[in-house]
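The structures considered in this document are given below.
Here come two complexes built around subunit A, the first alongside subunit B, the second alongside subunit C.
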Partner chain A sequence: MTTAPASIRPAVARDVKPVRNRQPVHSRERWRNIVWLIPALAVLAVFVYWPLLQNIVFSFLKWNIYSGEQTFVGGANYAELATDPIFGKALLNNAWYALISIVVQVFGALALAAIVESVRSERMRKAFRSIYFIPSAISLTVAGLLFYFIYQPQSGMLDAFLTSMGLGQYAQAWLGHESTAIFAIIAMSQWQGFGYSVLLFSVALQRIPVELYEASAIDGVGPIRRFFSISMPLVREMTGLMMIVTISGAFQVFNEVMVMTSGGPNNSSQVLGTWLYHAGFLNNDFGYAAAIGVAIFVITLILAILQLWMSRSRRVEW
Partner chain B sequence: MRKFTLAAASATLALALAGCSSSGGGTQSADLGSAPDYTGSISILTAFAGQPMGSYFENVIKAYKAEHPKVQITLSQETDDNAVKDKEKVLIASQSLPDIYFSYAGNWGQNFAENGLAADLSAQIAPSTTWGKTFGAGALNAFKYNGKYYGVPLYNDAKFMGYNKAIFTKLGLTVPSSFEELISDCTTIKAAGYTPIAFGNKDGWPGLHYLQQLFAYNVPRATLDKDLLPKTATWSDPGYVTAMKQFNELITSCTGDGTNSNGVTYTTAQQQQQGGKAAMYYQELVEFDSVNTGGSRLNKDGFGIFPLPAPADAKGDPTTLEAAPEGYMINNKSKNAALALDFMKFATGQKNAAVLSSPPYGQPSAVIGAVTATTSSAAVAEGSAAVNKAPSTVVWLDMATVPTVGDAWVSASEGLVSGGLSPADALKAVRAASEKAK
Partner chain C sequence: MVSASVAGRLVRSALVWIVLVGLAVVVLYPLIWMFLNGFKTNTELFDKPFALPSRFGWENFVAAWQQGVGKFVLTSVSLTVLATFFTEAIGAWAAYGLTRVRIPLNRTFTVVVLAGLMLAPTVALVPLVKMFQGWGLYNTFLGLLILYTAFRVPFTVFLMRAYMMDLPLEVDEAAAIDGASRAAAFWRITLPMSKPIIITTIVLNVLTNWNEYLFAMVFTSGTGLQTLPVGLADLMSKNGTQYPLVFAGMTMAAVPMVILFFVCQRYFVRGLAGGVGK
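Up next is the complex of A and B:
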């Protein structure tokens, strides 16, 4: 393989120290900039940070929403969280969601994007991108209802398909059994979000200089090796970002579970978001719901920090 | 989108709860004794959203405003069950309950009554009062807490097995007189190619309705009442396990989808009976007119009802019927409580009660004399009469006890249907929930 010209050789940003603009800024201009930021800060403070702080305070309380009576219970809600088997189940389901989403929506989408981008005809490439993207244009609620019908045991397409293929013994109520419900929901979610990931990876792949592929092709490198040696390293930044966004999204999943099973049967498909809703709005245990909210916040905060750290250390330039 | 939804849900929770004051609901009471101010305004929250119920309150308001044109009425409608429950909880937390709001009987209404959110209507609606005498006493008593009356019962509801008369006649079956006979009939019906009982348990509560009726049959009433209160509950009577085993037997022998029933919605099951595919369907009295619609296969075949038959060796009360009225409460802090009361008197007048009991609404009014063979369909009239004659009634399990325990029973019902939970394990989970709720 010939060496790529220095101008297009990939470089990782961690080797390059960021250079700050040290030009003096007039103090009046600086204050003007700050003033422009105040409205946005005020909105964030009122609608994000203040409720967030309140939620933390609520997580230390037990109260009757009917009477408004509040009692400080210390860390009792957190102690309950640690021993609640359904919270554990919900956490595990979120982890399954994250794991499967990484495999399908990150690596699967990257592979498919590479295949789509390797199609010679531009018209066909556009057509494929659109075909894969269409499910992402459907709202999660609508997709959830659609798949509810696909999974129906009596008239659902999936069981009918299995039966027609001679696999009738596998036909079942996919959303009605503890062992399959969460995976049936995750499968729907992959179908819905897959096309969006493919589109993002397609954009990232399009940014890779075509000379790299041409040079490797001249050297006789096959498409699979090209994918692993050129495409994957050069979309590393996007892959990292997608992984973090996917994991973070997996821990905030709510709509599809509510629409398809509401966390049932027998709490088998509960995720953190639905268990929070369940605790607060169905069981009237708002203090405990607030504690679940704090747990979700901590998990997503850690993931967000990780996201920032990874996006700094994985920047690729050429 | 999902991030936004969850963030919105969390923010709603936090903002709603932010409205809670640590001092409680205050002591101000609604002034029900003064004359209604016919230039004032009231707000109403119903559980009648959607078709065909949506137009009922709209028409009542129109008629009321025709008599009192200066009155301003703000109507807000939600669908029954979770939608209206969620809405009310948010309104409570933000201290903005409307002047008139929907309530279930049982623990749901009790929370409003005992926490100063509902006006004490005893002086106006107790059975001995003029207005009270227009209602069935059972319906009024369903909203009686600590000796006081808090609710205006709008309609009665109860659970019955609806059956297809043509299928029963064709197979030479009669209305089963015992649970064992019902199970035996299921075998005959299944052999003839019909689904014996249509059943969809996607939401968990349809199974709960079977369970509560079977508990009432298998567990002595005093024990059941004690167990519904976390403070006195033990959930140790062997009748519970017996009832759950009977429920499992019914799922296995009588339903078309068996252990797959958790993947089927209640309405899908409803349609199976409506289309003549299922011989029976356990349904609420308020559903009769929406299942047995004109032109449907069921309507042509003939629609009959009977209570879920009791097991032969039932240790509880075999005459108990699972039934509960649904009604409305007046906000204890309403500034126009007298006007709200006047509106509810108008809404439960004989004319409006008859309209409510007639198709397409088919909600059997709790007002005496409103449900007759001329105003209502035959099934609604028969069901309504059965409710009035029932020696004792028991409220829906998820409404009869505190939410944590009710929720544990919903999960148990799903686990029992799928076969993932044994009756003993189900009871263990309920005991744990009850212990937590103490």
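Up next is the complex of A and C:
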């Protein structure tokens, strides 16, 4: 028997038991095996799942952290969410984040990975992949601070560059204006994150059997059609995964917004994460913060279910 | 006809190089600018943002180190190393248990561990603050260590489990026939065979822990416990006039992770491909 490609080999470990377990093992001994999982289950239960459940309870309370006063207010926090214009603004900003990140970090990165992989020299391919990844290795805090300076109106690189190119009329305080702040932050985030996606897509593209490309070359198919009719369909699984991961990440944004604008000016660059922080730790409204937390949870939950459903129904094999 | 297609290919290849090199410049230029700004004086920084520094002295780096960066680095290094160690240990045990050991409700436990992947830390933020205040873990190193360890477990198990599922079972069986205990099989066979994925997860966990901001900011506010990211943000708001110092601090925060990535790159890419692509 020849070896089958990894994708159609049966999942080994899940179903086939080691030899010495073939005889029915006493169930008490099997329960004793749970020691392997106890550390993981314990830390997750106490520090991840329990707080999550508590958060749902908290979202029905009016609660001042300093006085310790708690009152059950039913759905009042959620009613407040529905009418809070800044919550709406934050939601919109997260949606922009998701949309732009999908265009740049999923489809842009996929196209770029295909371009990188089309370079003949292995050493150059590796060099480009590595260079693009560097911003992902430095923290969002450092990247955020760096772009805070780049966006500065007087000493910043961007405005100086625009002026030197004769585009001085576009120079402005990018983080200081309500209309540009969130997009300046999103642009920084694309700079920081696209190399990571390029790396993942490159790896996925490398796994496409060379024969498929050779066959298409014989048939006289050009590189652009090859990208759309071979590469894209065959990395569809990775594309789907990246889309979900990217959208999910876009609704969890916190760090760069906090560092660059703290949600300002005039709450124009507020996102769900920073608005939650603002509500809980600056306005001392823990109940309302918990309700925002539930909103983030519901959004990420829907995306996770979507991801599971997609990975099950859209498996590509060759 | 032939010359037209040759010309077309040349144009295409020129375009490819313009895109690739152009992007490389967009990525590298701000980073080089950050590094060079650490050597400038405040006046140089404001008056000639594109110029090279007039001289290369390390005063700003030394001053930044003395004004707190040294302390932030110490906190960040200890936190990163310890949290990564505990996450790896807990994660490897769990991945081994889920793939190699017969455990009742195995599938349920798998779902429970991996579902943690989708939870945003912000969702648990309010209750965690409340809980840690009650337990005296708020504003402590231990508290932060626990959070960093716990929240990285699902992703670590996710990657390790995918890898261990593909390891041949025959070696386990051979070990069992030789009379090796489960624990011995884990330490002496499975763990050494999982080296690539262990390196991958270590790199990813170190990157995440070193760069983490949310927990570090909320759980160590106004103490001497700031990690590097929080400390740098503080340094900027406090030292609003001494920008070169902040740039020097940023460079010191960024360089170790860039080096780590380049050193471990080979393993890192392979391990990530194996886990995420599945």
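The definition used in the following text is that the second predicted complex is superposed on the first by the 282 of 318 C-alpha atoms of A that agree within 3 Å, B and C clash if a C-alpha of one lies under 4 Å from a C-alpha of the other, contacts with A are read in each partner's own complex, and residues count from 1 in each chain.
Methods note: contacts are C-beta pairs under 8 Å (C-beta built on N, C-alpha and C of every residue); 3 or more make two chains touch, one makes a residue touch a chain.
Predicted model only: the values in this text are computed from it and were never measured.
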So, does A:Ala113 touch the first partner subunit B, the second partner subunit C, both, or neither?
neither
Of the partners subunit B and subunit C, which touch A:Asp285 in the superposed model: first, second, both, neither?
first
According to the stated criteria, A:Ala187 is in contact with first (subunit B), second (subunit C), both, or neither; which is it?
neither
Thinking of the overlay built on chain A, is A:Ile247 touched by subunit B (first), by subunit C (second), by both, or by neither?
neither
Counting only touches as set out at the top, which of subunit B and subunit C does A:Ala90 meet: first, second, both, neither?
neither
With both complexes overlaid on chain A, does A:Leu81 touch subunit B (first), subunit C (second), both or neither?
neither
Which partner does A:Phe133 reach: the first (subunit B), the second (subunit C), both, or neither?
second
Regarding the shared-chain residue A:Leu212, is it in contact with subunit B (first), subunit C (second), both, or neither?
neither
Going by the contact rule stated at the top, is it subunit B or subunit C that touches a larger number of residues on subunit A?
C
Report for A:Ile100: first if it touches subunit B alone, second if subunit C alone, otherwise both or neither.
neither
Contacts on subunit A seen with subunit B and repeated with subunit C across the two complexes:
47-48, 51-52, 54-55, 58, 65, 139-140, 154, 252, 254-255, 273, 276-277, 280-281, 286, 289-290, 293, 296
Touching subunit A in the complex, subunit B uses residues 1-3, 5-7, 9-11, 13-15, 17-18, 20-25, 82, 85-86, 89, 92-93, 111-112, 114-117, 201-204, 256-257, 259-264, 268, 403-404, 407, 410-412, 414-415, 417-418, 420-421
Could you pull out which subunit A residues touch subunit C in their complex?
6, 11-14, 16-21, 25, 27, 30-31, 33-34, 36-37, 39-41, 43-44, 46-52, 54-55, 58, 65, 112, 115-116, 118-119, 128, 130-135, 137-142, 145-150, 154-157, 160, 191, 195, 199-200, 203-204, 207, 223, 237-238, 241, 248, 251-252, 254-255, 258-259, 272-273, 276-277, 280-281, 286, 289-290, 293-294, 296-297, 300-301, 303-304
Quick one: in the complex, what on subunit C touches subunit A?
12, 16, 19-20, 23-24, 26-28, 30-31, 33-34, 37, 45-46, 49-50, 89-91, 93-94, 96-104, 109, 112-113, 115-131, 146-147, 149-151, 153-154, 157, 164-169, 172-173, 176-177, 182, 207, 210-211, 213-214, 217-218, 228-230, 232-233, 236, 243, 246-247, 250, 253-254, 257-258, 260-262, 265, 269, 272-273, 276-277
Residues on subunit A engaged by subunit B in the complex (per definition of touch):
47-48, 51-52, 54-55, 58, 63-70, 139-140, 151-154, 172-179, 249, 252-256, 261-262, 264-268, 273, 276-278, 280-286, 289-290, 293, 296
